[in-house]
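Presented sequentially are two complexes of subunit A, the first with subunit B as partner and the second with subunit C.
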Partner chain A sequence: METLYARLKEPFGLTDWVLQKPDLCFVTVAREQLRPLLLHLRDLEGFTHLVLLTAVDWIEEDRFQLTYLLHDRAKARDIGVRLMLPREDASMDSIHELWPTAATYQRELREMFGIDFPGSPRVNEDFILEGWADLPPYRRDFDTLQYAHEAYAERAGRETRDPARHMKEQLYPDGGQDD
Partner chain B sequence: MSVRDLLSPFTAWKNLFREPVSIKDPFNRPASERYRGFHKNDSEKCIGCGTCEAICQNGAIDMLPADGVATQPGDSGLRPRIDYGRCCWCALCVDVCMTGSLTMSNEYKWVEADPDKFRFMPGVDKKHWDDYEDGYRRPDGHRLNAPERIDMPELAPAQRIDSFVEMVTGYTVEQAQLEADRCVTCGICVATCPTHMAIPDYIRAIRDGDYERGLKLLYDSNPFSQICGKVCTRRCETTCAASHEGDPIAIRWLKRHITEQVPHERYREIIGAPGPATGRKIAIVGAGPAGMTAAFDLARAGHQVTVYESESHAGGMTRYGIPEYRLPSDTIQREIDLIVSMGVEMHYNTRVGTDISMQQLQQDNDAVILAIGLWMGRSTRIPGSDHANVFKAVDLLRRIRDGEAIEAPKSLVVIGGGNVAMDIARSMARLQKQQHGEIAVTLTALEDKAHFLADPVEIKESIEEQIHILDSRGPQECVIGDQGGLVGLRTWKVLSIFDEQHRFAPSYDENDEQLHKGEWVIEAIGQMSDVSLLGEELTEQLEWNRGRLQVDDDGRTSESWLWAAGDCVKGPDVVTAVATGHKVAASIEAVFAQQEAQT
Partner chain C sequence: MTEYSNRSQYPQARADGSLDIDLTSGKYLKLWQGPNHPGITGNMSVELTVCGDEVVEGKTHVGYLHRGFEKLMERRTFIQCFPIVCRICVPEPDFNEYCYAAAVEELAGIEVPEKADWIRTLILEMGRINSYLMYLGGQAGAFGLGVIGQWTTYARDLMLDRFEELTGARIYHMFIMPGGVRDDLPEGFDQRMEETLQEIESTLQDVYDTMFRNAVFKKRAVGLGYVDPAWVDEYGITGPVARGAGVAKDVRRDQPYLVYDRLDFEPVIATESDTYARADVRRRDLLMSVDLIRQILARMPRQGEVMATLPNVLHWKIPRGETYVRGECSRGEYGYYLVTDGSGYPRRVNVRGPSYTHAMTLLEKLIVNVNISNVAGLMVSLHTYPPEIER
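Our next item is the complex of A and B:
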């Protein structure tokens, strides 16, 4: 993995590298270098399989992170290529021409995060959230807990206690002073 | 149909002789090391703060009492129960866990016929994966909330050592917001606070920038909020959830911040005016935190309250015992003015027992409260301790705060390791610096460093101020020289302080003897009440418990008209005094209500 990173570092201007496990590393790349890097990895380094394409919402930093995870079957190793996008009107170049399966991931990201991939086949069609009218639900500003409460019934037998109130009942029920 | 379509079924035959790609036994395949499988919870480590429940985006976690887990200070006694019908194994609960008790195993198989079995209490409902080594835990250094406290800006030792100017300067709004953001508002601290302040709520008010709401919350439970914001012993911080894997929230400094953000002229309107007059009369002896808290509550309830104070100013030990550099007089005065503005009548320089008798107070009032504090310093009674240059810390602190010009000796020794010892050592160091340009203060404590009674911050700051602190030293003699002047303090090394029955019985290594040079020796080993004001008759009538006035849980003495509160019944501590002040006020109110019901 180290030798691979050493080879990629200069030509693709990689700044960040994390060796998660002996057979898995992550690199971060600038937007204009993504396509050349993916092509290089696919055609010259043996990373022929696009395992997944996913996103993280770093709302505090006002950006999305895309992660392209590639697999090298022959050497049984993976590389994650990370890329940061401005969060506002997020849009990224499609890679469906490199891997046709990318179109499905891109359609999912469009639906779950609102990240656009212009030119990607069927990218604006509903994926799993038919008739969804709210914020894209994987965005951090979407209130998942409120949605969970509204959308799903409580199972019978659920109950909970507030720690401070419970301690008052147990330790100083009259509101008085304890020792 | 093409030729290829015809032949392809036969090409598949070649795979018959290959090693299969699929896994032979998929049911016994361990998941990877960091797999987010079924939850584990170290129930001993868990404090039931409910932060896991608060962060869960699926509403999958409930906090409930658990068998064998007791509610106690610092532990709510609740434990998380997870509904696997809702959990998505995102591990936010593990990432946010304040103690690191909640983790995940890498077990991922669980078969049950009854769906309700999938709602369980990790660590309490025993599971076979409880002792799995592998599985997800929060990686080192990965924290959702900042573990480090925002430092309180304060004057550097060189800036503060030659004056009594307040050394702490207070948070800015930005600093307070950052510190408030570290709080998970679990509320575990509330039970520990003697007066049970609404800590998470007022910290939330800081986050919301709603300081007036914050101030209202403070004064709902503590009319000494400005003072406690500066000098509280902050027991709350010892049980803070954040203290388990980081610094506790600076609760005291956040309280101080609220009181500094609201203009003082707004206070009374926010706190609210007293209720209509009831015609009931109450006398309070002592204008310290306990007496003035009771005065505040009772005046606001519409009763006519008169406070008798032997000193020229109110505030009790907060004014006469705590040095100015920790608690400036104007802070105390603002607090007192606010309480007095509720309609409290003050009689300063009036000593009960001399200027007016307890019997008189009893005759003129419906109830009387004793809040006389602990104003008499205890003596070591070692040889030489009756020398004119052996002082009691409380007496000296009072004289310094009273503005008396005190000529500091060039060198002195303090006996004691509590906060009062630090207060007098640091006050005398300032006087020495002002008068002689040099500091020579030695402080000797019975306790070893690990068991010092003083606040660790006080010890740190004392050392910064060149106080020479010696631990495990037992005072034996105030040594008097040939000319009759004091030479210093002779001590032996302490081997143990208590005997096997936990009684105070220090034992010493007599071979390890030291003489600490000092023209003065100051004793700071504890205080007691001056109960002479009660008079012989009343003292006889009252019940006592080992020298202290005997009171019931509500602070009522054996005489039905007399209550007692503050340091003289429980202390010394400002916030405890406030709590007992509330308590006697509530007790008196209850008695009045009972009397109303009977007539």
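Our next item is the complex of A and C:
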């Protein structure tokens, strides 16, 4: 994996390399280098299997992280390619021509995170949430608890406990030390 | 062989790739298979456009079972996530527990006792047998052989008894938790497991005689849903669907996890790549799981701990990091992508289920030109579970 990174670092401007375990590493790439990098990995390095494509919302840093995880079966190794996008009007180039299955991932990201992939097949069709008009729900600023309070009636007699405080009361009825 | 009619009757494709279907022409009909239909796998539906009794277009629709697991986990501590992950897959919940636990252990730097690894492997193989038995019943039922499902349900029930005595639960076991497993094997477990395995082998012989040698099953399954080996990487195909196409892809051998490097087995493959071949791969894989369980019980250490010491799980914070953990479940590659940010909650959990690729892109490709009566059989042959798509 180290030699792979050493070879690709300069041509594709890779940064933030992390060797998570001997057969899995993560790198960050700039937007304009993503497609050449994925093509290179797929066609020349043996990473032919797109394992997953997903997003992480780093709301404090005002950006989304897209993760393209690729697998090389012959050498039994994986590479996670990270790409950072600004959260505002997030939009990314589609890769459905490289892997047809990417269209499904992109359709889900469009619905759940609001990240657009212009040109991706059926990207604007409802995927899981039919008729959803609220904020894309997998964004960190979508509050599931508030949504549940507003959308559903509370069952009478239901009690909600903070697990840490509840366990402390069970284990130390006389008080005990603070956290 | 399934006979296909002349495709020239089907609609032309537009420039954007969509089909030019005029429903007012009287030539085509929209037909929904699911979400409530005996010929559908779980809570999903396929929107079929048919011409006569042949499908010209199929679109998978999911969302009937969406519970937002991935989002819910972001609001829960690492230990609170443990009891909900198994709910993502009903027939084979243990892979969620294992992948989640292994990802958390890796990022938190927790070493799992060796004996726990053996028991985890045992649990995963037991779950695989359950899942395959359920599949065999469903596959036979989709072609009208209802009695097979009754036999496999009986055999599965015996394995559920073993699960119950080992974990206290029949379906959602909540047994593989971060740090190890909840308990050791009970007294006399090996003997009762051996009796169960023998009964399953006997049932499977009956299934083979009545299903795999049945003229009706052969007539309908042979040639149905051919998967070209060249599609395997392109369409993200894994598990028995890939192995049925002659691609010996099995995470247990390719990237051994737990104790699979200490067990003797070879991936089961077939080359015909149709519904019959996939069913046969699963039947033989089931027999291999029976053998693996015997190997595990014969080789596993009987002394030692089954659970590592965890930090106070109510205040458990895991440093910033990300990882991906995969395993070979009965349907293919199952994986968890976990991102942590140094807090007491996961930043992001993404579940990669094999149905995500099989039931969407691949099914929509295979379903074209199939007779309506074979849609259910084709869908079951991909062994899909909708909750994996809409986690």
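In this text, the second predicted complex is superposed on the first by the 147 of 179 C-alpha atoms of A that agree within 3 Å, B and C clash if a C-alpha of one lies under 4 Å from a C-alpha of the other, contacts with A are read in each partner's own complex, and residues count from 1 in each chain.
Note that in this section a residue touches a chain if its C-beta (ideal position, glycine included) is under 8 Å from a C-beta of that chain, and two chains touch if they have at least 3 such contacts.
Values in this document were obtained by computation on a predicted structure and should not be read as measured data.
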item: Contacts of A:M1 with subunit B and subunit C, given as first, second, both or neither; value: neither
item: Greater subunit A contact set [subunit C / subunit B]; value: C
item: Subunit B versus subunit C as contact partner of A:M84, first or second or both or neither; value: neither
item: Partner chain(s) touched by A:A76 [first = subunit B, second = subunit C, both, neither]; value: second
item: Contacts of A:P163 with subunit B and subunit C, given as first, second, both or neither; value: both
item: Touching partner for A:A148 - first (subunit B), second (subunit C), both, neither; value: first
item: Which of subunit B and subunit C A:T54 touches, first, second, both or neither; value: second
item: Subunit B versus subunit C as contact partner of A:A103, first or second or both or neither; value: second
item: Contacts of A:P121 with subunit B and subunit C, given as first, second, both or neither; value: second
item: Subunit B and subunit C footprints on subunit A, overlapping residues; value: 144-145, 163-164, 167-168
item: Sites on subunit B touched by subunit A in the complex; value: 48-50, 53, 56-59, 61-65, 71-73, 76-78, 83, 85-86, 116, 119, 186-188, 190-191, 194-196, 200, 553-554, 576, 579-580, 582-583, 586
item: Contact footprint of subunit C on subunit A as seen in their complex; value: 18, 20-21, 23-24, 26, 48-52, 54-57, 67, 69, 73, 76, 78, 80, 99-101, 103-104, 121, 126-130, 137-138, 140, 142, 144-145, 163-164, 167-168, 179
item: Of all residues in subunit A, those that touch subunit B in their complex; value: 144-145, 148-149, 152, 155, 157-168, 170-172, 175-178
item: Footprint of subunit A on subunit C - complex, ascending; value: 17, 62-63, 66, 68, 70-72, 74-75, 77, 80, 106, 233-236, 249, 254-255, 314-315, 321-324, 326, 333, 335, 337, 339, 347-348, 350, 352, 356-357, 360-361, 389-390
